[in-house]
């Protein structure tokens, strides 16, 4: 069955029963202020149709969803072995910001979606781009077709003021020889990427290349190769939802990436890209109602990769 | 493109270049004695066609592949919450027999495919079945359509003689209240399951229900529900290849389960089940040439879940 | 200043203010039943004088204090290198029954006073003695001069019924080749040693060889050499109080060994042996009021090794 | 027996047999350049007598020995609870620069002699002193009676260039709220303390207060109270030799502190302070020949705290 506006509305109605049972991220004030009862969804099909419900047009902080964009950019700039000698492809089995495994495994992060791995990717972008922050913004504006996507400067500044843990991670990797640039500017770019402000429609359109063998649906531009698109999806499926990737695969069954702003993008390869948003998080740091909405969507339209 | 006998032969020819570069499991003598240059593949389509190449008819020790069968049996006997309160659904990020995480996480194994998790599943079967060992054997004989499948008694006895680590795991879980029966008989059944002797054709047919929404292709019997089949595939995709699940997803892109006997089963949902066998293992404990054969197959026929 | 009966009484009066603030060990019923307000002390000088106060004559379960006796016995039976290749001499920095470090360090316990180390010592005694349990009892009866010292059979049986964690530890060491005998009989002897029932006077006399260059004060028998006595004291000082050895050294400043029964023995080399008992434990598992009594004693008589 | 010049010479002759079997610290070039066959010892008695042998007058980088001086200074400036709520008193059971335990224990270092703990102490000094670096230098010059003690600027600068691991440690503690000042200046002071250049005679005299109930032997000045001196010795005994404190207690039996420059100071409370120096280190990072010299001295003069 194809997703329709009426199915999406029904799904949100059901998923909204979970509102009030999660916890909005509060480690920086800018995130804590977001109203907790927001809920939106957008589906972008490979035929270019966009279907939405709820707060799908309201912009929010995409946070770790940006890690999938930065990795895509790095895969466009580097040979595979240049990336994968510096970061692994395996689930971590630990909290997203843990340093224990990083020390045990000699400064090589488990995958590009935990903080350490995303910081290595930011370091890679810093080494090869003259203005990585501007480049990422242009990239996202092109992919989303929305020229008004911006960095939320307040969020980025606030993250920078609470950057001690990430600085510790960067310095630890430097001590193992797995970090090439100065720590502060790399972290600054990393936090700006996290502070991208986008809505569900923007996000669903932005990631359409993952559902379409690497080709952006509306620009027809080949962003990455079909093989790279498959590889990106595999990494999202095994590592994209913090320490809740297994549960997400079990319930939703789509490659996905979440952020602590409450957004999640998910992919049905060959068919569609989906973005949901609801700020309250479950104990793994993934959107509570957002995950539920994706689970219901998977059931209703009978789509999953399994 | 559909898999043909000629494609499979070509794939094995290429994959065989890796023979000699891996290491046959040698922790028990019975496994160490297997010739290291074996290589076989069998594809079983949802239309009931079987295509094979190489040593596809030669029986080997399926080892951890049995963990997927035991879990299937447990899912047939128990309500979901009865299983998932005792074992998780997340990748472990650690060696298959590590006790570190198990202690930190209070005796709840990360997933049913690491040793600790499979031992919990064996404990569940022990609690509900009067003769779990016989029942598993009947189950496999039905699924494979091969009435001659047997336990390799020498392998089972040899495993039992090297069972200290697994006994430690079982006792640690008991100390946390997550183990209900006597340790020795449960381990004995667990080792018998690992000692099932099957060939690639048997295995491809046995797991056809995972590619066919829970229904066994040749018997037409509904083994598990379509939802359970999807759930099993999700668990295989995130946790089925020891600490190499991410790499396997990246290269092959199919839910799968490997064993240290050198076998791997893989699933293309809606289309086919595949079994490969080659005894030499990579450093994660997965068949070196077998993984390569699956990677090549995924490329040639253009099939993967991503 | 020399310890007198009046000083000891005063000390107990002060230390008793802590009664009610700790927690009696309750992992086995036999220990949980002990009245929580007991408090006793005995000092045995190298001149053979015994000075006591409070419940010094009441027998209690010595628990881990027995680990110092078993190690002494092992040092009498084995060459140093035979012992120290199987167990280390360093503080563990972890809980007494943790398996994490034991797995990381390949089955070699950090020191003979954590459970894993004491179980290795029990395995050593099992290999060399025909009746280790009887031999330990004779040894203690001689050292204490009390022919009525017995094993508390109820406690030993109760420990055996809650032995899963220790069985896990033993099997893990066996899997690393650091355990030679059958697990059950060794654990049974280990638990019997823990279940020795002694009072403060017995204990102070028993350990007099540690204050007297290896010679038992009342029998004049040389139990170990002066060097071995020094070595035993060094191990007690760095590893004798679970994960509270540093705090104990800081406050009390004497080599010592505690048990979860609430007993502690402490040594002023060249001068005296002290035993205290009070069942309520602090969060490290050491007697709360007992530690306070030793701290006060150290202050009043101006004695410590530092 | 009292130590004499002839005993010291004999001891060095024996200990020198180990020269060539250790490894000079080479993580910074300035340390790697030191000749590896140096060996010196100085004993400073509480009567004010100095006895030396070998290279006792040659200055070297005291490295972590400075951690005992910084802690002493902090104890002079702060109330006990102000220090001990921020750093523990227990052995770590892990490498001196490990971050694993630090993360598990929420940014509270195990003790003041591992890097994390010494950095907390440096942070404490930074908060209360206007010029901590100058103050430490004056302190050492007074204690040693040597007005020519200086910081080795080359070593300090070299350490600063290899400070990534320590920066990671500082930032991790900051993320847990256990670090108050800017990271760079604190690390700079920390590295200067490590870069103090002193000889064995200087060091033996500097630490005389630890053998003399807190009073400096030659200035007669009360540096810390008798109780604080006892506390400092207890911390040295349980935590002063990296992950080799237990072995050092077993063989030498004196409170001590080592540095990767090859120096070790040791204390016989009530009698004498000893300093040894030999640059080659054992696998725990302690001077190989230096430890042996102390072990022999302990045997020959029959002195130890046990």
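Here are a few things to note about the model shown:
The first chain written gets the first letter, and so on, giving A, B, C and D; residue counts start at 1 in each chain.
As a working rule, contacts are C-beta pairs under 8 Å (C-beta built on N, C-alpha and C of every residue); 3 or more make two chains touch, one makes a residue touch a chain.
Computed from a prediction, not measured in an experiment: that's the story for all the values here.
Shared contact partners of subunit C and subunit D, listed by label: none present.
Between subunit B and subunit D the centroid-to-centroid distance comes to 55 Å (mean Cα coordinates, whole Å). Per-chain Cα centroids separate subunit A from subunit B by 32 Å.
The centroid of the Cα atoms in subunit A and the matching centroid in subunit D are 48 Å apart.
The multi-chain contact residues of subunit A, meaning those touching 2 or more other chains, do not exist; every residue touches at most one other chain.
Taken pair by pair, the chains that touch are A-B, A-D, B-C, C-D. By the touch rule above, subunit A contacts subunit B in their complex via residues 88-94, 101, 110-111, 229-231, 233-235, 237-239, 243-247, 249-250, 253, 255, 269, 304-306. Note for the complex: subunit D touches subunit A at residues 98-100, 103-104, 164-165, 167-172, 174-175.
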